[in-house]
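Two complexes are shown next, each including chain A; its partner changes from chain B in the first to chain C in the second.
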Partner chain A sequence: MSDNLLEIKDLSRIFDISKPWLNRLIEREDRRLLRAVNDVSLNIKRGETFALVGESGSGKSTIAKVIVGLLAASSGEIRFDGVNLAEQSPTAMRNIRRRYQMIFQDPFASLNPRWRVRDIIAEPLRKFGMGDMEGSSQKRVDELLELVGLSAKDGSKFPHEFSGGQRQRIAIARVLSSKPEFIVCDEPTSALDVSVQAQILNLMRDLQDDFGLTYLFISHDLSVVRHMANRIGVLYLGRLVEVSDSKEMFRNPRHPYTQMLLEAVPDLDMTGRTRVKAAGEIPNPITPPSGCTFHPRCPLADAHCKANIPPVVESDLGAVACFKAT
Partner chain B sequence: MSDVLLSVRDMVVDFPTRHGLLRAVDHVSFDLSRGEVLGLVGESGAGKSITGAAIIGLIEPPGHISGGTVHLDGSRIDNLGMEEMRRIRGKRVGMVFQDPLTSLNPLYTIAKQLIQTIRTHLDLTEKQARARAIGLLEEVGIPAADKRIDDYPHQFSGGMRQRVVIALALCAGPELIIADEPTTALDVSVQSQIIDVLKRMCAEHGTAVILITHDMGVIAEAADRVAVLYSGRIAEIGPVREVIKQAKHPYTKGLMRSIPTLTQTNDRLTQIPGTMPRITDRPEGCAFAPRCGHVMDICRSQQPATRSVGNCEVACHLETEGGAS
Partner chain C sequence: MSTDYQTNEAKSLLRRVLDSDIWYSFKKSKVTMVAAGVALIIFLAALLAPLLAPHNPFDLASLSLMDSLLPPSWTGMGDPRYLLGTDDQGRDVLSTILYGSRISIAVGLASVAFAAVLGITLGLVAGYMGGAVDAVIMRVADVQLSFPAILIALLIDGTISGLTGGVNREETAFTVLVISIGLSFWVQYARTVRSSTLVERDKEYVQAARLIGLHPFLIMLRHVLPNVMGPVLVIATINLALAIITEATLSFLGVGMPSTQPSLGTMIRIGNDFLFSGEWWITLFPGALLAVLVLAVNLLGDWLRDALNPKLR
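And then the complex of A and B:
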């Protein structure tokens, strides 16, 4: 058995956005398919933080949802701790489900406004049959609240009584209640103010150290990703264009898209470094460009890039999908 | 100082509610020179958008400006009637909002919206207005502007739409543009392009800009001076470089350290404990006192006065005590 906790192989997710069949028949239109995730393969090692970055529409959140089972994969396989998730019986699946959880972006939408915080946090305990006796689950909820920096008496309040940062702490407490090993974090701090973001990021790192958690961290903010991740995968239009060690990627980005993303990050240190300006926008994923989907924005693109899809090439430095990468 | 375009003095904005008067903006003062870019930063609820809206008389009733003055180019504008204010808006002060899809009318083509705005404020024929509109679209970087002008807003991408909104704001050649979170809804690679367009256009047209954002990175890229708002008051205002590199107010210091950057080396982010007090239960003294590491007795009872320190103005008792600390 390898030290990979999660293995994703050739994962694709296609959304059918065609009109109803009668309209298609009358208007003589074909089916329209949106390939949100396109042949993505990646491995996440035990105890690491793997980050997925990319602009809106690159498929980051779709991958997260497919991993936790909120969306079905169209093709490809996902192995969690060596077990193929697609082949499991519902009972076995239930056991595995407990071991991975998800933190969502919007702490205002992810907590039920009619439930008390105590019940919200205890829900996974109830669902997975981990808190049979009322007393024991109560004690666990109090522990969890204090673990995430709230107080035990906050348990009897409702979500609207908390600020955004505190709600995200509640969401983290809920996730931790079933003692997961793997947590998918979909933009956990992008709805928060910077001073609160720092608190949540620090909390997440502390919890990782304390419980040996593995994170899949999804964000569009490269500075946050640099702070949190061990390894980074860059997505563009549903394809993984580069995967490498976090430090290496910031020192030496190899894919032209990664280089462009790094150049576009505002220069907060005001070093006044000269930068190549980003050009263009992410194309419509319904009608992606031919060949390498990045070619219309790429300064290095030539005829070969327009016609052929670059394969992902693995090396010591990581993986990159570009004909021009050195 | 003859080149002061906008002068805001002790502006107070109140919202009467069932639970009493809520003071969203509390004695905010600043000056803006011609062609200057002033950043307004702060966390959600700090009062940055309300400050921007108050300057152009767009506060939703029952909210109102209940104190202070706003002068545009020497003449007072905060006490003007609806009709007079409407003539200033668009003509002398342009606006760019966060979400380009809601600031454009989805039922009209870009051409119609631009031409209508131009002809409302300038004495031009339909044809001249159209030519001016196409010229503006080209300036903001829309390819094939003469063809795309007849498209509807939904046919443009997010970044392109924001360019159209900038063109719309510049239609009548305003002296001031208020840009409220112009890049927040956009991706980083598009954000940097929009900041460039905004900067370039304003430099070329000599337009001053109030850039409202929560993103210090955007401020570092675009602004000349920056005002840091905290709980309805200005904590610190000064040249961007000084505020970012040598912040004086403990809040600004904490804020700058809590932002992860591409060059930092330490493992943990410095965090400011707690959150900004809600507008309903602001502490009596300095609003930052409960979160401040340097809090003194006086901070809890008395609001700090704004004081000049070098090129900056800082509202903190530490600076008032100056020599002592």
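And then the complex of A and C:
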């Protein structure tokens, strides 16, 4: 058994955002392609929490959707527990699908408003044929509700009767019902109040300890990431610019973009120090800058950076894609 | 444990209806309550026609041409047995209206159900699948929408009658009417359902269902369908009035129900021939009932549209 639960190699996802065929023909325009994810490679170890951070439009959610199969990869491969997901037969995929799940960002959209909570949680059970007997699936739903801090009686209610935090708990109960090993969390707390965020994050950590879960945690909130992650990958414009241990990254960020992000984190320790603002905006991914895509915002950039794409260099400290990194 | 849940649900269903915004807005609107009352009376009268009607207009043995074209009884020239007079065959107008509204309402309900099932299915598939399937279905819908519904219904009715050679007209008239009216009304359902489906399709609960590998057909049926049914209910109510009118129009034009099984439209057509010779009652009473029925159903539809529209609350 390999140490890595998930291995992603040279993953790219390209969106075709061209105008319709007839418009292109008449207006003599070419196809327009958007590379949302660009040659991303990463490994996630069994039992760890790997965080992906980046600004809006950096491709975080696209990676999540490609991993769980909601979007097809344009190129590259995804190996889950050693098997290439693209090569599996439909019957084999049925078994593999049970083993990964996803927690969505918006708990107000992720639960079907017409379904009772009990049915929402039991849906994966029914799909994967777990707990076929009437009673056993009912019992499992009650257990799950109590596991996430709700009451078994809540099963007969509808999602609109719950608050955002409670809904996210229901979403977590649904995710856990099929006993997955790997859970993709796509900004699971960004739609919640700060006070509720901590409860949900702590619940997720407890569940991780109890069930030995592996998380891919996607967020733009670095303080949340610091709380949750063992390792962090920083995305910029669809490329992974730095991967390293959580502690190492916060102590010693090596990529200038990571440094800029960390500068912008609100932090009590920093009182009195002048903060360097995150300068500029993420460029348009349809026409990305040449060379290192970060060079228009980078304080260290020179002519070499503008012309060449920096390769990802691995070292003991982690991986970084920057010519200037030390 | 599970029975405990069920009693809870049964209780909460009644409570939910009584506590709901819809029930509240129903109680607030006098017009709607009157319309609902009128519609209910007409529906019940139509349903119970065999019990309520003083005569059976389909029993040919009971008809006598001696009794034909009698005016309503209160005019003094009529016969007390025939309250609203008789038609040219000697059929009691009141009984024929009761049986006729039965046919009209049955055609209306059946064609609305047919149009709704067809339209919802095609709209769901078009919205959820997208791409070429969507394009083909919606272009057909667009083309059909550029013709008046009555013209489509006439065309389909004519085609089916032509294919069957007009034989067994009396037995097939009902089915042919339902198919032709249904086929001319499906577009509205399909367009509405498609646009709601486009919104629901990208919501995260649908993604969660896709993620566990649920078949697209099941996702449409279990997840998307219950969430796009609200507007359909409104369209169906308003279309019921339209379908009844369309049936009456087709019957008036002579391509609908035959005169042996008269619907309200057929009766109006028959009476129309006698209108200028002074026998006004044959056409007036079915015409008035048709107008009242359509008005009541339309008012209900308008109210439902407003009650379900969150922007007007």
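What we mean here is this: the second predicted complex is superposed on the first by the 320 of 326 C-alpha atoms of A that agree within 3 Å, B and C clash if a C-alpha of one lies under 4 Å from a C-alpha of the other, contacts with A are read in each partner's own complex, and residues count from 1 in each chain.
The rule is short, and it goes like this: a contact is a pair of C-beta atoms (placed from the backbone, for glycine too) under 8 Å apart; a residue touches a chain by one contact, two chains touch by 3 or more.
Everything numeric in this text was worked out from a predicted model, so none of it was measured.
Enquirer: For the overlay on chain A, clash or fit between chain B and chain C?
Expert: Fit.
Enquirer: Is A:Val224 contacted by the first partner chain B, the second partner chain C, both or neither?
Expert: It touches chain B, and chain C stays clear.
Enquirer: Regarding the shared-chain residue A:Asn23, is it in contact with chain B (first), chain C (second), both, or neither?
Expert: In the superposed model, A:Asn23 contacts neither chain B nor chain C.
Enquirer: Name the contact category of A:Ile282: first (chain B only), second (chain C only), both, or neither.
Expert: first
Enquirer: Applying the touch criterion given at the start, work out whether A:Ser75 contacts chain B, chain C, both or neither, answering first, second, both or neither.
Expert: A:Ser75: touches no partner chain.
Enquirer: Looking at A:Asn112, would you say it contacts chain B, chain C, both, or neither? Reply first, second, both or neither.
Expert: second
Enquirer: Looking at the overlay, what does A:Ser315 touch: chain B (first), chain C (second), both, or neither?
Expert: Neither partner.
Enquirer: Check whether A:Ser290 is in contact with chain B, with chain C, with both or with neither, and answer first, second, both or neither.
Expert: In the superposition, A:Ser290 contacts neither chain B nor chain C.
Enquirer: Given Cα centres, how many degrees, to the nearest 10, is the angle at chain A formed with chain B and chain C?
Expert: Once the structures are overlaid on A, chain A sees chain B and chain C at 80 degrees.
Enquirer: Touching A:Asn95 in the superposition: chain B (first), chain C (second), both, neither?
Expert: Touch partners of A:Asn95: none, neither chain B nor chain C.
Enquirer: Upon superposition of the two complexes, what minimum C-alpha distance (Å) separates chain B from chain C?
Expert: The answer is 10 Å, the least C-alpha separation in the overlay.
Enquirer: Which parts of chain A are in contact with chain B and also with chain C?
Expert: The answer is that chain A has no such residue.
Enquirer: With touch defined as at the start, can you tell me which chain C residues reach chain A in the complex?
Expert: For chain C paired with chain A, touching residues are 1-2, 5, 8-9, 203-205, 207-214, 223, 226-227.
Enquirer: Which stretch or stretches of chain B touch chain A in the complex?
Expert: Of all residues in chain B, those touching chain A are 43-44, 157-160, 187-193, 195-196, 214-218, 220-221, 240-241, 244-245, 254-255, 258-264, 267-273, 275-276.
Enquirer: Which part of chain A faces chain C closely enough to touch in the complex?
Expert: Those residues of chain A that touch chain C are 65, 68-70, 93-94, 97-98, 101-102, 104-106, 109-115, 118, 123-124, 127-128, 134-135, 138, 155-156, 171, 174, 178.
Enquirer: Using the touch definition from the top, list the residues of chain A that touch chain B in their complex.
Expert: The contact residues of chain A facing chain B are 55-56, 163-166, 193-199, 201-202, 205, 220-224, 226-227, 250, 260-270, 277-282.
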